[in-house]
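In what follows, chain A forms one complex with chain B and a second complex with chain C.
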Partner chain A sequence: MLRYRAVAAAPVRSASATWQIITDLVADTIAASGTLTRSDAMEAMAAAAPAGRMLVAGGHLDRHPLTLVAGLVHCEITTVSGTAALTTEENLNPIPGAADATTYTIYLPAPVPLAAVVAEAADGHPRLSDARPPAADDKKTAGAGPLIDMNAVRKAVAGG
Partner chain B sequence: MTISTYTSTATYTRTHTATHLTDVILGTISDILADLGISASVLTRNWEQNENAIKAWITEGSLAQVILECRQPSGTVDPVIEFPVTYAATGTADTEFTASRARLARFLAKLDRVPVGTTCELLCAFNGPHSAQPGWGTGARTSTDGLQGITFGTLGRAPHASASLRYLHS
Partner chain C sequence: MKVQECIVSDEVVRGTPEELALWEAIVVPPEVKERIRNTSLLALMLRPQVPFVVTALHGLSILYGPPGTGKTTLARGLPAQLAPFVPSREVRRIEVNPHGLMSAEHGQSQQRVGELLAEHVPALAADGKPTVVILDEVESMAVARSEASLAANPADVHRATDAVLTALDDNARRHPHLFFVATSNFTTALDRAFLSRSDAAILVPVPTPAALREIIASTLLALAESFPGLREFANSPAVDRAAAMATGLDGRRARKVVFEALSRRLETVLDPTRLTGEDLAAAVTDAIEANRVGAEGA
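Presenting the complex of A and B:
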């Protein structure tokens, strides 16, 4: 299921502070996994930081999302800059769906003219990629099943 | 559940203005260096330190301009990009925080290429007394005699100040 998160950037936060918020959001999401670690996600985001701060400051992340794919998580994270940042409602809770994730990828956007900078950053950690993320529909099959077993509920209600 | 909401008010602080213009200036420098193929390590290595210094100087109103000098392997300094900051007397010049990103992208596409191995240096000039900031010391600008200037115009606006761009090249 495709989810979206928007993070207020300047004038609410500097590029560094904004990248830190995104880092915490990604790390907190990955921490929900039983097999992945928050520290690994923090390391990946630290490797991406030189490019990430440039993406934020240049306003590129306003238009080109960073995409986190982890288990059932497929989330596009963007920033909001300028006057609109002052009224942006943020949800900084961990993105649900990573509990059963055994691997994850942080797809960094690579807009012109920062493509080479982003590619260099993506080479800095195996969890980073500057490739185009898979379509969210591809992930739907993994998350298409209902979260509630309605047959079990019916049985319970019927006293079966 | 943690949901943070920023409520719009008519009260924009100088810190908002400084944060916005610092982002606009550093973001533009990032794009210029990437476009010219110049290593941005001078910027990325101490990003937070540079960010804090420029923001502090805009907040106190002492920053006259940020200057990016590109030094070619021959020793020639070309191009030089200036980011003058203009302050509004009352803080009501604009009530919006804007950036001319699309126009900047078109402008960057027209920049001259520079030789491989060109490096860059970040400098700041001041209107008068200014606070000391970590990592920043006294420096001197290289003469821009012989360089031609192209004025981009306003790069970013905020309630208390605005930043523009001037591109100097041979």
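Presenting the complex of A and C:
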């Protein structure tokens, strides 16, 4: 399920503080998994931190989201800077849907001026990637087959 | 309260005797139960096949009526009624406590409502299993915007109701396996746009005298499992007389009348089989009087 989260950056928070908020959001979401750990997510985000802080400071995350893919979670996290940051309504609760996740990837945006920095960060942890994230599977969740057994309904009608 | 804590139950239900008993315990005209079941069956059947623009089916029923008429119990019993008609014979039941979603903090109610209905509920039902989502006392989250008091926070009321509507529209298109059942004692307090999204608004009425008799007798018969001497009393004319006097009582109050009657004397507390028609009649009289006083105070 495609979800979005917006985090207020400058002037509400410094780049470091904003990255910490994003780190906590990712880690809290992953912590809901029965097999993945919060500490692993914290490590991955720590490895991405040098690039992440630059992405925030440069306003790149305002336009290019960091994408977390974990089980049913497909969440695009962006920042809001400037006067809009003063009034933006944040939802920093963990993103639902990671309970059954057995693996996850944090896709870092790689805008041209920071592509090399992001690539280096992505190489620093197996959970990080600077590739384009996959398209979100946002189709209907009940498309596999009929929800109602028509034979059972027919039997009930015939049985009065 | 965290948003996810507003989900008070999430379980997969089969048509077991215990689950079926929920529905059977509520005495309402059979057509009311049929309508509740059939509305949800039809929505679950059509919504995956026919585009929303054609059906306009949101997968939402509203059960309304006076307190104590069994709306919530019927909603809880619905999954077991649907289970025999589902290929896997299993239906998920998710129950939401809407009161916990409302927040005094500006803008938070809207965010919490949206998060619960558009994120948490679809995530819990992500396996595509037919799912009944119960929104009990929904008037707390789908407040009539036209009636919003300026003494409260009208902007928040508007936005929380907007969030409900947005989530219903979103779920209607993307999650045809979700079926919402909302209960309310106060339909006039519900937002018109919310009401118009319901596939059916079904009145769960106060019981007729015959239904009151059935409720009182069935309560006595259930007690007779432990106190066999009550079986004869349950089928006596005293129960007919009490039921005739009880017109206007809701089902829950009618059931409690039996226990109020038992509590009138220490002898009947000690030995319920000593219950008399006079005890029952007196308890009904008291309940009717309490109803009258309550109605005047409302």
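Everything that follows uses one rule, which is that the second predicted complex is superposed on the first by the 137 of 160 C-alpha atoms of A that agree within 3 Å, B and C clash if a C-alpha of one lies under 4 Å from a C-alpha of the other, contacts with A are read in each partner's own complex, and residues count from 1 in each chain.
Assume contacts are C-beta pairs under 8 Å (C-beta built on N, C-alpha and C of every residue); 3 or more make two chains touch, one makes a residue touch a chain.
Note that the structure is a prediction, hence the values are computed from the model and not measured.
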First, second, both or neither for A:47, with chain B first and chain C second: neither
Touched partner set for A:93, first chain B, second chain C, both or neither: both
First (chain B), second (chain C), both or neither touched by A:66: neither
Contact breadth on chain A, by residue count: chain C or chain B: B
Which of chain B and chain C A:1 touches, first, second, both or neither: second
Contacts of A:11 with chain B and chain C, given as first, second, both or neither: first
Partner chain in contact with A:27 - chain B first, chain C second, else both or neither: neither
Which of chain B and chain C A:58 touches, first, second, both or neither: first
Common interface positions of chain A, toward chain B and toward chain C: 89, 91, 93
Complex contacts: residues of chain A adjacent to chain C: 1, 3, 72, 89, 91, 93, 95-97, 99, 138-150, 152-153, 156
Chain B-touching residues of chain A, taken from the complex the two chains share: 8-16, 50, 53-54, 56-59, 81-83, 85-93, 112-114, 116-117
List of chain B residues in touch with chain A within their complex: 1-9, 12, 16-17, 19-20, 22-24, 26-28, 30-31, 34-35, 37, 40, 43-44, 47-48, 51, 55, 96-99, 101, 105, 108, 158
Complex contacts: residues of chain C adjacent to chain A: 2-4, 41, 44-45, 48-49, 84-87, 107, 111, 115, 119-120, 122-126, 128, 130, 174-177
